[in-house]
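Read through the structure below, which is laid out as structure tokens, and then see the notes.
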Amino acid sequence: MLGLNKKDTGLFLFVLALIVFAPFILNPFPESSDLARFNAGYPDLMQRFVIFGIFAIGFNILFGLTGYLSFGHAAFLGVGSYAGVWMMKLLTVNIVPALIAAIVVAGIFSLVIGYICLRRSGIYFSILTLAFAQMSFALAYSVLTPITAGETGLQLSLADPRILEAANASGTIPAANFFGLEMRSGFDWAVGDWVFTFNFGYYLCAVFMLIAFYISIRIFRSPFGMMLRAVKSNQQRMGYTGLNSKPYMLAAFVISGMYAGLAGGLMVAVDPLAGADRMFWTASGEVVLMTILGGVGTLLGPVLGAGMIKYFENIFSRLNESDLNALFGFLPDFIQAPLVTVAQMFVGDGWLMTLGLMFMLIVIFLPGGLLEGVQRLGALVSRKKKTNEPSQPAAAPAE
Amino acid sequence: MDAIILQILNGLDKGSAYALIALGLTLIFGTLGVVNFAHGALFMLGAFCAVTLNALFTLSHQVIDPSRTDFLGNPLRVEIPYLVEWFGEATGNAIIDWSVPLSILIAIPVMAAIGLAMERGLIKHFYKRPHADQILVTFGLAIVLQQVVKYFYGANPIPMPAPDAFVGTYDFGVLLGFDPFSIMYPYWRLVYFLFSLVIIAAVFAFLRYTTFGMVVRAGMADRETVGLLGINIGRRFTIMFAIAAIVAGLAGVMYTPIVAPNYNMGMNFLVLSFVVVVVGGMGSLPGAVLAGFMLGILESFASMAAVIDIVPGINQVIIYLVAIVVLLVRPRGLMGRKGVMED
Amino acid sequence: MTLIRKPLSRRSVLRAGAAGGALLATPTIFTSRAWAQSYTNEPTGSTVTLGFNVPQSGVYADEGADQLRAYELAVEHINGEGDGGMMNTFSSKALKGNGILGKKVVYVTGDTQTKTDAARASARSMIEKDGAIMITGGSSSGPAVAVQALCQEAGVIFMAGLTHANDTTGKDRRANGFRHFFNSYMSGAALAPVLKNAYGADRNAYYLTADYNWGYTTEQAISEATEAIGWNTVNKVLTPLGAGDFSSYIAPVLQSGADTLVLVHYGGDMVNSLTNAVQFGLREAQANGKDFQIVVPLFSRLMARGAGENIKGIFGSTNWHWSLQDEGSQAFTRSFGQKYGFPPSQAAHTVYCQTLLYADACERAGTFNPCGVVEALEDFEFDGLGNGKTLYRAEDHQCFKDVLVVKGKENPTSEFDLLEIVEITPAEQVTYPHDHPQFAGGALGTCNPGA
Amino acid sequence: MKILTVEGVNKSFGGLKALNNVNFSVEQGAKHAIIGPNGAGKSTFLNCMIGRLAPDTGTVMFGDISLTGMKPYEINQVGVSRVFQTPEIFGDLTLLENVMIPSLAKRDGEYALHPFKRMEHDAEIRDKAMHMLEDVNLENKRDMTASSLSRGDKRRLELAMCLSQDPKLLLLDEPTAGMSRADTNKTIDLLKRIGDRGITKVVIEHDMHVVFSLADKVTVLAQGTIIAEGKPEDIKGDPRVQEAYLGGAHL
């Protein structure tokens, strides 16, 4: 299907199903139960899942295939966001120009930065990208305040020109939309004690993620993708084989920069504000972690990694003491009290602790990331089914 | 002129901290080949050794002072440190006053223990893993260490005064023939600079003049060969890790009176010190020290009002700008060797 | 299936459904705006959910924690538990101690991380997931402005926490947002006369300014106010956020011919720059034949603690301090102190007030509808919340009240007793026209009830 | 006709003179071996030829193209392939991919950015790669990752990679180093077979057995200087060579 082989088609359909049914999958707990606080099926977080999924997929095209670890990719996301908000301020709150601008501007930006940074490899490349991103952040936060609104973040205002739109007499800023369909529109579907939210903004982002995912599969399976893997495997040999790795690298860098730009554009499409914080080095680090956590160089891994980190960031950080008391309420007091005290280290403001521990555990025990965990589980299950089959170390094809 | 001298002084001071952290990072990288993102956290832990010792020294019991009241109108409880009670006002307060320098004594064993535990318990298993994994696991560790410290000490900076003897400033202006008050420099910062020189010298001397150091240097140059000689290089590397932890910790201890420590201070230094290490050249100890001081001084110059007026925002980006220029002109940093960390 | 425009909400819908028993009757029900709500997150059950969005990680985490304490206290008081705190001294008596409009107040918390993105994400999830009807809190202007805009779009009320930049009720003001805290302009207006009295009219000031929005507006406000009393501005230098060591900015001050240093820093930066300034001997120095002086426009007790000894004798302004002797302040301090064992900070005070003010406005309006609340709060005059007679001005949703000028205390009796009140600047003196140039360029727009 | 002409090449590392005024040429279609004791400068010489090192002075001409200052990929694109002493292969990729990459480089030039082209549709490249793998008897392992091969197989793979480009000149750096006698013989057979395709070969070798089985001309390098050149049989008997290198023992 669509020029994919059978296995990839399966993978693609799997992701498609995940995305379509996300409102159900993410809201497994009934609303009135205490576990409902672990539900993640609300528009903001669902949008974040797919947007950061796009970001991580794009990053993986660079890092996963070529092994070049960019520590400044958040800069492209940030630049995309700024470009998007400016389009919404100047032209129209229809998100189409914003998205186009986000991708184009991020592409140009990554072309320039990539051209310079790719003169070096290894950690020197990483530090160069980091340096550029940190400079972008520092300048956006301070000196460039007239363009970026600095600390506050660039947002829409009533006084914006929006030249492609009819004059706005009402006292409200028009909402971001896609040819009239507002990003925040949607409906709830209640089934018994469950409520499932279907949000237009989410599905729009999801369509983009599907396209992004599809492109990424095609890149992985193309001669171009093979060359990128060759760069990672043995860049010297590439040269002696008559291949100039620089254009390949630069193309990969720009493609992943454009992915980041698209993610940034979508972020402002669903929530029209671009803050400098999203260019900070920790944001760049986050996408590295997402990719590694999910499984570097795999197709699905980065999406899973992005989902996992965003889930922890948004759900665990919002649990507080009373939530814990409610969760552990079924336990006798003498157990509940110390348990809540300990658990408090890991939720609310301690969510970073959970994240840190999770990184360590996954890196220590699952070097291939979450996807390796899934595969191991799968292997375990299938081995139980057919014990007579000889087990052999599988060559790890890029998944 | 006086302004320039002043900024050189400032830069040396800032550079001291960069150099010490970068030195430890390079030791770990050079000997073990591990990219340690938890190194900033070690610096922070060192600083909290000082905080902890100070807290221990000021352990107090409460005495009710009926003549005064607290904010709720109850009689005021006054805290009297046990040290004051045991040793008398003068001695007790003197011990508390000197808690930062005294912390060096506890920081050395504590940091060594932390370093050993880290290397044996965690890092050891990552020698053969890709650098990305090393970065991730040490980054995770750094977050955990930070959160633990935050859990016990809160998020706000905790003031740690220098001993009274070092409070105040030295007027270099008068010494050098400028106007009074033109080049004022705090005593403690001079102490910090000298202290870092001593530490740097000690590390270099140790590597240069001891057998241990020679083996380690050989190991840094070519790990496999030394391994073939039948020397247990692994154990020596463990000790190197502990030494790097001690260097970072001591840098942290002595830094507390300069900038009040908080749980996040390590992260602030981490990125900068990586830039320092790379600018110096991965794996080069003199490079790390040189780059540390160089970037410190450049940063200081860039923060002069006259410079900011010409290039707005230069103070925000100077370090990164220098890093970019150095790396483009000298591909392996100032003193880096070929082939280190390039794939 | 047609898409029905529905803003962000869910739980409240469910509660409504459950109450009506409709959900149980049929297996599937499509909810829609027409059926469920007349405004975003209309509470239809027996409870009403407020969203407390405070920094729990990052440099302002301690302020965030103090805000959460105050919120808990406020919720207790509104629900009729505890000693009632400032509800007893509040001039409006609409609140009856049975929650708001008879609904018990429950709350959800989130972490702003002092980042605009994180703050917005957290606020969005409170609105979308938890059905919060009002968002409040925060300890920095960037997130405050960002969340305020979000609440405007989503159609809920935003009661700002600690945000001092002019922009919050200036160029970035929004109809659904309200600020109780004072602002940069007020700091300048309150400080200038006190500084003139203490240090004279002939001073040369050197500014070190945090290089972001709050820094810019505060620097402008202070310099304009002090120049009006005759001071001269020698230089203004921008410093990067989180610089840590400010020595390279502090050291040249003495060479500049300035005799006064204004540190436009807050939080950890304030602690560090002030500590550096003292280390570099600025307090002992002489310049232009005068004693060198340092001024910190925005003081916070939590931060003063970080600066330790260095804060002694330094002037600054603050929104509120627990040592105020009026009934309201005392009631609040007592009630907070008894619950937590230490006095509240200004951050805690302002969010406590905001919560009460919101609850009271709902009672008076008789609805949770944001437009009703906006109407009830606009030009609302009240007293008894610790800052004397206060007005919530309709034009920009800024509170006008007394501003405190404080000084680092020379002989503190405890670790909380760090500031002494030098002057209570009356509200009239810090009031400005809503179109004052420092606040120009904004428009409230109209209130948005969402849905 | 000379396919490769090296004139006056000098190369020093620090104070150490690795190559001293080397003049050297290879005839079209020749099988030319370069021998010499350890540290004679053989590898340096080869590296200067393929652009891995830049000679201090002197020129390297390939036909009428000067290779001096060219980047490795440019040198390869004009028709020079190289087999390394330690096999340089794409360890993470499958054998098939390893052989397809050089074919693509040959056909599409130094780069071809087709992010959406589907590999399995490129029958031409695929068939050729399969053919090459068959040539070196690795066709059964085509889906294995290259790093899992034995050393001998890796070397054969590398050879297949080079051959798939139909190079005009093939440089081999000790193609049998570290191999068992059986593997060595297999490799010699293989190399003999390619000889039939008219590819010019330059072999650097240590093992005289290999040299005498493969080469029709031998150049002896010692201490950075060429000390003898001629047919294998003549070299065998040359006393200078015996003194400098062979010491008579191996013969």
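Some points to look at:
Residue numbering begins at 1 within each chain, and the chains themselves are lettered A, B, C and D in the order written.
Keep this in mind: contacts are C-beta pairs under 8 Å (C-beta built on N, C-alpha and C of every residue); 3 or more make two chains touch, one makes a residue touch a chain.
This one's a predicted model, so the numbers in the text were calculated from it and none came from an experiment.
Look at the CA centroids: the one farthest from the centroid of chain D belongs to C. The largest tally of C-beta contacts between two chains is found for A-C.
Comparing per-chain C-alpha centres with the mean over every protein C-alpha atom, the closest match is chain A. Centroid to centroid, with C-alpha atoms defining each point, chain A and chain B lie 34 Å apart. Averaged C-alpha coordinates give centres for chain A and chain C that are 33 Å from one another.
Separation between the centroids of chain B and chain D, computed from CA atoms only, is 52 Å. Residues of chain D in contact with at least two other chains: none.
Counting partners per residue, chain B has 150, 312-313, 316 as the residues that reach two or more other chains.
Chain contacts: chain C has residues 57, 61, 211, 238, 240 touching two or more partner chains.
A complete list of chain pairs in contact reads A-B, A-C, A-D, B-C. Interface residues of chain A facing chain C in the complex, by the touch rule stated above, are 31-32, 39, 42-45, 48, 138, 141-143, 145, 149-153, 155-159, 170-173, 175, 181-182, 184-193, 195, 197, 200, 271-273, 275-278, 280, 314, 317-318, 320, 348-349, 351-352. For chain B in complex with chain C, the residues that touch the partner chain are 2-3, 6-7, 9-11, 13-14, 17, 68, 70-72, 76, 150, 154-159, 161, 167-169, 181-182, 184-186, 188-189, 257-260, 262, 264-265, 268-269, 299-300, 303-305, 308, 312-313, 315-316.
For chain A in complex with chain B, the touching residues are 67, 69, 116, 119-124, 127-128, 130-132, 134-135, 138-139, 141-144, 235, 281, 285, 288-289, 292-293, 296, 345, 349-350, 352-353, 355-360, 363-364, 367. The touching residues of chain C, counted against chain A in their complex, run 3-8, 10-11, 13-14, 17-18, 23-24, 27-32, 56-57, 61, 64-65, 108-111, 115-118, 120-122, 124-126, 128-129, 140-142, 145-146, 149-150, 152-154, 167, 172, 175, 211-214, 216, 238, 240-241, 441-446, 448. Listed in rising order, the residues of chain D touching chain A in the complex are 50, 71-73, 76-77, 81-82, 84, 88-94, 97, 100-102, 104-106, 110-120, 122, 143-145, 148, 161, 165.
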